[in-house]
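Here the chain labels run A, B, C, D and E in written order, and each chain numbers its own residues starting at 1.
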Amino acid sequence: MGSAALIMLIICGLAFAGGGIYLSKVLAKTSHNPVKGEAYECGIPTTGTSWIQFNVGYYLFALIFLVFDVELVFLYPWATAAKSVGVVALIEIVVFMFILFMGLLYAYRKGALKWM
Amino acid sequence: MGLGSYISTVFSSVKSLLSGMKLTGYYFTHHKEIVTQQYPENKREGALILPERFRGEVTMPHDENNEHRCTGCQSCELSCPNGSIKIITKQEVQPDGKKKKAIDTWVYHLDMCTFCNLCIEACPTQAIVMGQEFEHSVFDKKKLKKILNKPDSKLKAGVE
Amino acid sequence: MIEHNLLEPDMITEDGDFVINIGPQHPSTHGVLHLKVWLDGETVKKVEPHLGYIHRSIEKMCESLSYRQYIFSTSRMDYLSAHINNQACALAVEMGLGVEVPDRAKVIRTILAELTRLASHALWWGCMGLDLGAVTPFFYAFREREFINDIMEETCGARLTQNFIVPGGLMADIHPNFVPKTKELIKMFRANIDEYNQLLTGNVIFQQRTQNVGFLSKEAAISYGTSGPVARASGVSCDVRKHYPYDAYDRVQFKEILGTTGDSWERYVIRIDEMRESLSIIEQLIDNIPEGDIVAKTKQVIKLPKGEFYSRVETARGELGVLLVSDGGSTPYRVKFRSPNFSNLSALGHIAKGSKIGDLVAMMATLDLVIPDVDR
Amino acid sequence: MITLSEIAHNIHVKLSGAITNETLLSITEMAIVGIILLGSLVMLSFFLGYMERKVAAFMQIRLGPNRVGPKGSLQIVADTVKLLFKEGLTPNASDKFLFNTAPYIMVITTMLVIAPIAYSSGFQIWDTSIGVLYVSSVSSVSVIGILMAGWSSNNKYSLLGAMRCGAQIVSYELSIGLSLIAIVVLTGSLRMSDIVMSQADGWWIFKGHIPVLIAFVIFIIASTAEINRAPFDLAEAESELTAGFHTEYSGMKFAMFLLAEYINLFIVCAMGATLFLGGWMPLHFGADNAFNHAMDYIPGFVWFFGKTFFLIFVIMWFRWTFPRLRIDQLLNLEWKYLLPISMINILLVTIIAIFGWHF
Amino acid sequence: MNAEELKQEILAFHPSVVFDEGGQFVNANIDAADVLTLLTELRNRPAFDFDYMFCLTCVDYKTHFTMFYHLRSLTHRHEMVVKAKIADVNAPAVDTVSHIWRTADFMEREVYDLFGVKFFRHPDLRRIFLDENWPGYPLRKNYEDPNMIEL
């Protein structure tokens, strides 16, 4: 049932987006003009390409996220079992959260969370 | 940052956000405050009242005998900052045989007019007034060149 | 020799930098300002304004217009302070002629000028919200602005470019509805400034966005020749209405609001406070409009004596100066408009350095630029 | 009382009478579901578009669309038709493959997240046992679509927008995850229907004390950020980046982004309604009483959509009130406020859950 | 400082300055070659302290150009105008003051753009409004617009 539903949804999405875009292609009047293909930069021709080495600020967040997100995945199975396991689960999560929190604090102190 | 100030920051921030939402929420529920005017409809229904001084365009009133008050003195043409008025005059033979200057065409370039009211101020005979029309958009620019004196109109007697 | 070098050493810009053009067709430049911005990630390294997209050479045009006519071409400079621009031009001509404007005209001019300032500040407040991503303030601000425009329309005959001033006075007397409507406006506007504060000024996001960004020190504000709320936010006392009173400003009481830090927030707050001051000025004058003529007698063709005449007024954005150079003829020999926006804009490169791209937009909003006035 | 699950069941019975082949039957059913789903999604995004414009208008003391159709309700249809007739441009310098693929990714990921949402009792496309995890993982794929769109455009605004979006979405993912986990701890199941059933005697927001309330607030804030809506619309901040990551998109491709945005809005609100406000469960107070019986007469899907649209309205309310945050403040809010608070909040929720202190 | 004191003080260290009779402000006439030294003194001497330049412009008198510097002191609240005469009509040039008053940067660029007056040692002397290749300088009296259409 599950995989069939997913396949159905993917097909739905494909059909919808594809259909819409195709229909627009058929219906819309097209005209050719070299200016149309230019990138929009407020009416000024762009200087150079946009594909350049970019400030690392954005990526740092992605890296920290990766660490935290992996931890988050561990939390899901714990969460489902927490109620039945009882106090042990509480102790476990306190330890786990403490380590995570220290990690966050470390990142904060190191300035990784500071936007540059 | 102490824990106390941390918490108070959070609370005061939330409070300020909520007070803004209160205002938008008030307007969301109070529809009588709506200020939108329904433009073409309100004109049709007569709700769109323009003040009498509104400067829409230069017009030249003609009375029922098709007479206007323009003597062709060209004061307005001189006073116009943009040269949107051109007056073409002609010599007219009066009944007593004298020749007199009179207007042939009073050309008004609406596309150059800035509605500054200087021509009206300058006119010694009050021959032109500002009209209330404001829907001036046309598809052809040539239509914005208007001739204000009506065909075969005459100067009103007694206007000097 | 003291070098008044206020700029921190230029951040090094390299070939490989991320250069982005903000404007001329950009939602937040309010017209056709073109800023070339060098970016490092999100941080602005350098801003270079490119001007002239609506340069119309009004100064050259004025050389061929008579003294009556040239007043009206200036409505199109700072179109949000059209009435005040007209006032400045008329003052220069009156100064040259040595004409004394009747009291009634002076008071009405002043009231109209303050109404213009209110309308301009209201629009600025709306756009300020818009630039910071809050769309709703714009509509609230337009509610008041439209009301002022209605008053203007009734009396002057036009909503935006009023053209109500002639050398020596006014074109016509006020409309009978003018006084009651203005009183109504004062009441309504006072209440709505509280709404402004509730919606935007008190908002924590807004405060965070504007506080501690876009610093303009007092020295820099003076050196860059900024004026109006921009300079006053940095603590420069430069209100023309206070220091060189014209028309009826010498007979009203009002505060010149000065800031201290000169950041975006200060520039914002000062304009909000200025709205209240404008309301109080109008309140003082509206009941005391003297009776009398509305225009002093002048010749149909005005000729100014040879010389230079410099008049200045406080527009909504700062000091507007009109330098009339006359050679004795019926048209000005040379007209120079000292536009407040031009000088204020020149400071943008200084204050925007090192800020985020989002703050750049906020700074432009607090400078309250009107590009036609920059380009002229 | 007619319920949606009964209707679905009747269709199933009718179809099994007509088609005997098992595979064919399930394919036919899937096709029907797909068509209904597409139709309702389009209707939904139309409605949300209309709702947004009306809400905005009333908050801004104006009337909003009122020309096309009764009270302007067909305005959005007219706009779609207009977009349909617009030429879809592709910049010359762009990476054409990625540029054209991005709208598909956006739409497909959005479609996929729809699967486990429970609209009514027993009316669900896929009642998977990992429902919550599934939603939180699949919805994060949409960031790839945005990054693709922004990067491939070869436009500086788009690139900045996409990069901002990347940093923003991945950050807020954490808070969303943690606030979801708070509910999972209380119910002990990731399955959507279990979570709804666990709220039969009261919604979590009422019986979970303050920690759940905090989790709920964090969820609303973080999900507003997750779907790039104001005040967190930095990826498309129109006053800074003109249109951000979809600057170069036009016509139908642009419409796909718009559609995805609205459906995402629906999905996060549906999730919020399911987890915190009891999904399709009616409002119950205490044990057996008249009030509860009266509430039972309102069908489940009305409850579900009522709650969802209430949350949607709240998020729209945010948009039309607040100014936008700056990128560093946005990340500060997450890493300095939301994340630590929700981490501590998890501990509180655990204590409540383990000692059974909830109602 | 009132107008007379101002004149005396300036004459004390710069005897070549000629003052206009009457007028709204104190008008100091000086040759363009000496203007930088005068303006520097006006800015730096604490007695003058002209820290605010509120207007800088140029006028084309056909036989010569005149630079107008409108100065104000925010501390002493006095004002004056310095007029620098540029005799060379064909290649007008004057020293820049943009290092003294930052606002002069843009204003001088404007004058350069519209009058063609060159400013020595200006950090970034480019046209500000018009296109780099624009023929002529529009605010000069002898300028004729090649694109002018008589309406």
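One rule holds for everything that comes next: a residue touches a chain if its C-beta (ideal position, glycine included) is under 8 Å from a C-beta of that chain, and two chains touch if they have at least 3 such contacts.
A quick note: this is a predicted structure, and the numbers were derived from the prediction, not measured.
Shared contacts of chain B and chain D, meaning chains that touch the two of them, come down to C. Using the average of C-alpha coordinates as each chain's centre, A ends up farthest from chain B.
With centres taken as mean CA coordinates, the chain nearest to the overall protein centre is C. Among the remaining chains, the Cα-based centre furthest from that of chain E is the centre of D. Ranked by the number of C-beta pairs in contact, the top chain pair here is A-D. Averaged Cα coordinates give chain A a centre that lies 55 Å from the centre of chain B. Mean C-alpha position of chain A lies 15 Å from that of chain D.
If you average the CA atoms of chain A and of chain C, the two centres end up 45 Å from each other.
Put simply, the C-alpha centre of chain C and that of chain E have 24 angstrom between them.
Shown for chain C are the residues that touch two or more other chains, namely 18, 20, 26, 42, 136, 143, 199-200, 203, 205, 356. Shared contact sites, meaning residues of chain D that touch two or more other chains, fall at 59-62, 156-157, 164, 242, 320-322, 327-328. Remark: chain D residues 55, 58-63, 317-318, 320-322, 337 touch chain B in the complex.
Residues 1-2, 4-6, 8-18, 20-21, 23-25, 27-31, 36-42, 46, 49-51, 54, 57-58, 61-62, 65, 68-69, 72, 75-76, 79-84, 86-87, 89-90, 93-94, 97, 100-101, 104, 108, 113-115 of chain A are the ones touching chain D in the complex.
Within the complex formed with chain C, the chain E residues making contact are 23-25, 27, 40, 43-44, 51-55, 57, 59-60, 68, 70, 74, 77, 81, 99-103, 105-107, 110, 114, 127-131, 138-139. Taken in their complex, chain C has these residues touching chain E: 1-6, 51-52, 55, 57, 59-60, 95, 220, 222-227, 236-238, 243, 307-310, 312, 319, 321, 323, 325, 333-334, 336, 338, 342-343, 345-347, 350, 375. Across the complex, chain A is touched by residues 16, 18-26, 34, 40-43, 356 of chain C.
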